[in-house]
């Protein structure tokens, strides 16, 4: 009995690895994959071309309309600097950009760094779209940028949490639940202690606790990791809503967190226009950038990262050279939980309202989208979070200004984009091979 | 270093995997550990590498008793394992793969010191003549090179006791010969090597001494000089190997399956079967021999509709079936005993009855207007269970709870339940006990005698020689020779399997 | 005898997990009570007895809300057929059944996918799109445009189609390019909600006048599903009948039909399904279509019959609850119906609990999460005992 089970497992591996019957045949295998990549590249080029065509047509229809923008020049709420740009010019830039990307994609094929190019063109596109939709109304771009960041921080850090746990081999669809719990516990801790730092710390701790629970279900009891994640998501929504209604609402003193003040970076924050956007932000922002860069380095350049990736790709390879895969996964989940809870605390502490029911509002799921869109790379994922943040900020801005556009379409973009990416239409993303599989030696 | 295992016993629920096993190997010595499937070799090695802990018994290295709680301790003690299924991360490069777990680092963050690692790998591979490109991705390497990476992994950890578990299972004969050279070289430089295999000739070729395991216990010890293939085989199996199936001479009639210049691609899009041409006639058994991984799997999948045929043509009773689906091919009278019964042949979690109708459920006798006819299914299964001597409490038992032999009997019963013109049996007796092997061989021969054409694919040379009226040999995707039974000596077939076409 | 024994064994784990989850829920009630917490240090015994008392009050309110008030039932029994009294006595249990209708549908839908090995967590989205289909059908064909029975049938058909279409996307993507259905269905849940938002805030034809709130027109003006109880004020409509018939149909389909056999085979071993000549891709797509259609049918019937309005949040937490129900019910239609009825009782009882003791009904979400965890973990714990390989590897991983 034990043999038969083993042989079945082994066979899969053998048939997967005993590919080549000779070198010549082997090249054929590579070219098949290359062919697939070329197809995806062509689809991308086609998509870019469509965008280019649409942009050109919008450009031609936008002459004579001005997009009116404003910035806070010295500090938020202070003096505004106004300026207007012809909408046609903005769209002209976007058109040229898309045409360039299309051409580059066609010329360079699979080698083209399309993710980065999307990262460059997307902000321009959103601004142009905004200008076009504003239709003369003035929009404050400082507000737009800060609101982009306030969306991107929890999503980006949530995505980082997802990346670390999935790189270690544990599927993490529970980011949403951890954000939510981090938000509530962060708010309560900050309110009770009256110490600002208590919020993020407590949020991170509860996130870690939930994360370890998820890992425990998945590793110790081999509960399907999707089911375990679902348990956390439902449970967190239930508990936080319950506690909110039962405690935080009637006794609102427990839900009046100390706001995390923005930090003005000396000198830099006084740069006109740029100062308020980049150098007068919540410490969360600086922490987030630091964490993203730190963990990107850790994942790709250190022993920890090498082992983490090995555990997520082929845990038996790590286990047989003496790496304790289970402990490694627990640790990764601990880190992921700390990060997600920390990100959650931002949601409750960055504004003024404290915690509210379902206050994360699906950001944890958008974080999953960012993980996939960013191909399990923290920097790319944060880029995706920024783009998603822009669409969200644009929607908020537009609805605040009473511009009549169905914002639902814009708000659906992250989800639609994710489906397209998961479907592999515009290029395969490779998930850690063993994410979601319990570690079985044999 | 000298390694001794004394009285190692390991009990799994229902199986005594290791029963007081004692073996030893000296510095510079190659121990051949010989045994059938299920003899307990792999369990023993997993104990040695710290994956399992023995229920009793001791491990001594240079006379000192050691216990390994995890693989790390075994590695530190100088034991290096090369597993049968390689333990490599496909997306890593060779350098990363070799040093994983003992990486050189620098700086406070434990940054991976790639330069040092790469230099160490290059030096190591030069020193031992194990040529690899330190920057190549594992997934782009052929199997033989991956194995070199595995050996480098062990050497990098300064292993002085190297354990190779069925290392030649996926290798070509040349690669196997290279491997033997490597092993001899390592032994010369003082490494103790344990070479686990079930291939008689290999232990004779490479080992300094041989220990034979049978059913979890040591069945005998000998040396290559004192042993012959026949004597080793007897120790391994426990009695004179009697694989000659009693059968009459075949009455060969018209061709049933004609394969002409057929090529098939594998999953990666590489050519796995290269312009194969052969026929199988009514009343004969054509046995295809070959080392695992030479295209047999793809050949069978193509002939049973599980894999598209890239070029060439195939006819079944003069009708082309190149575009057939598994179902169409089955209804044309083809019985398919799949290579991996756990993966393809049965559905664990379903009953014996459900498995019995797995690919006939849609036929009118079992299905009426889209609904299953439970009575008919039960009746047919009851009969099959009786006919094929399947030992089971009931036909509503989950097939997962049967023994391997009984599971295979259910599969064979199902496949032979239809009107069969062609039997395609891939590794029909892999992993079975001797009684089941004999039973299934007899059933296959019966099919031949009743006029079906039989195609058997097996990596077991004994099985091929015992059953085949004609023997074809596959090597690197090609049919390199087809011999009549009378010409198919072990030597000739063996040479062909090694790609040596006389 | 043995059959009863086996049945009881099967019930043991689900029943126990619901029970334990409710117990933990009680602990939550006690330890989130500010008054209890405030006295816990100075007077622990008093605080705890206060807490236990509150929990008991809450659960008894839950029970009365779910099944009915014994006193009212007594009066009704004594009244010799007073319709008003009977209506009052029966309302709780009838409403509990009403609450279980969407759960039965989505639970069944999700189960069909689970059985085929597809983790469809898009029940909410498919239910929502079914509600969209039903609402559109009601608006188009209701209000006297077509005869009432035909309008009702069209509502159901549109619901089926809406749900099936929404499930087709992930099914197709999984079958053709291997896209993870977990991710795609999660994303489609959000898109469905946004789509409803879009519909009910941009079209005069759909939006409720004076077009301020993002909700649809009152659907009862267009199509009213006939009730099935003799007392008119009890709103149990044909939805429950359709739900039960669907359960029978699903059971029949899964365990008696050849197509169902194919789906179950694909769910247990996709390689064997291919070997047996069953189209794996078509099994995945079929399962998703059926799964989505059932959820969509539920969405249409509940939107038109019970809620009588389409809104972006119409699915609520039904998608989550359905997963719990499918797992507790062992993805068997009979088990799903039974579990859905229990969850319906909890849900409606919970709303009375919220009204009378101000303990939020959101507690049920938490209880559901616990139930899922208990169901999922013991299954594997049992597997560890039974299966030597898991045990072996456990010793490895320790």
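For reference, chains read A, B and C in written order, and residue numbers begin at 1 within each chain.
Methods note: contacts are C-beta pairs under 8 Å (C-beta built on N, C-alpha and C of every residue); 3 or more make two chains touch, one makes a residue touch a chain.
In this text, all values refer to a predicted model and were calculated from it rather than measured experimentally.
Trainee: Which one chain sits nearest the middle, judging by mean Cα positions?
Mentor: It is chain A that sits nearest the middle.
Trainee: Have a look at B-C versus A-B and report the one with more C-beta pairs in contact.
Mentor: Per the contact counts, A-B leads.
Trainee: Could you grab the centroid distance between chain A and chain C? Build each centroid from C-alpha atoms only and quote it in angstrom.
Mentor: 31
Trainee: Any idea how many Å lie between the Cα centroids of chain A and chain B?
Mentor: That gives a centre separation of 45 Å.
Trainee: Averaging over Cα atoms per chain, report the distance between chain B and chain C in Å.
Mentor: 48
Trainee: Chain B: which residues touch two or more other chains?
Mentor: As it turns out, chain B has residues touching two or more other chains at 12, 14-15, 51, 343.
Trainee: Going by the touch rule set out above, which residues of chain C reach two or more other chains?
Mentor: 388, 392, 396
Trainee: Residue numbers in chain A touching 2 or more other chains?
Mentor: Only 1-2, 5, 319, 441 qualify.
Trainee: With touch defined as at the start, can you tell me which chain B residues reach chain A in the complex?
Mentor: My answer: residues 12, 14-15, 17, 37-38, 42, 49, 51, 70-76, 81, 83-92, 96-97, 100-103, 105, 109-112, 140, 142-143, 146, 153, 157, 169-170, 265-272, 274, 292-295, 297, 339-343, 403-404, 407, 430-431, 476-477.
Trainee: Using the touch definition from the top, list the residues of chain A that touch chain C in their complex.
Mentor: Touch residues, chain A against chain C: 1-2, 5, 173, 217, 219, 221-224, 226-228, 230-235, 237-239, 241-243, 245-247, 250-251, 319, 325-326, 357, 362, 365, 368-369, 372, 406, 408-409, 411-412, 415-416, 418-419, 422-425, 439-442.
Trainee: With touch defined as at the start, can you tell me which chain B residues reach chain C in the complex?
Mentor: Residues in contact with chain C: 12-15, 51-53, 304-306, 325-328, 330, 336, 338, 343-350, 354, 358-359, 361-362, 367, 370-372, 374.
Trainee: Provide the residue numbers of chain A that touch chain B in the complex, in ascending order.
Mentor: Within the complex, chain A contacts chain B at residues 1-33, 297-298, 301-307, 309-310, 313-314, 316-324, 430, 433, 441.
Trainee: Chain A touches which residues of chain C in the complex?
Mentor: 28, 32-34, 119, 121, 169, 173, 177-180, 182-184, 186-188, 190-191, 194-195, 197-198, 201-202, 317, 320, 323-324, 327, 358-360, 362-370, 372-373, 376-377, 380-381, 383-384, 388-390, 392-393, 396-398
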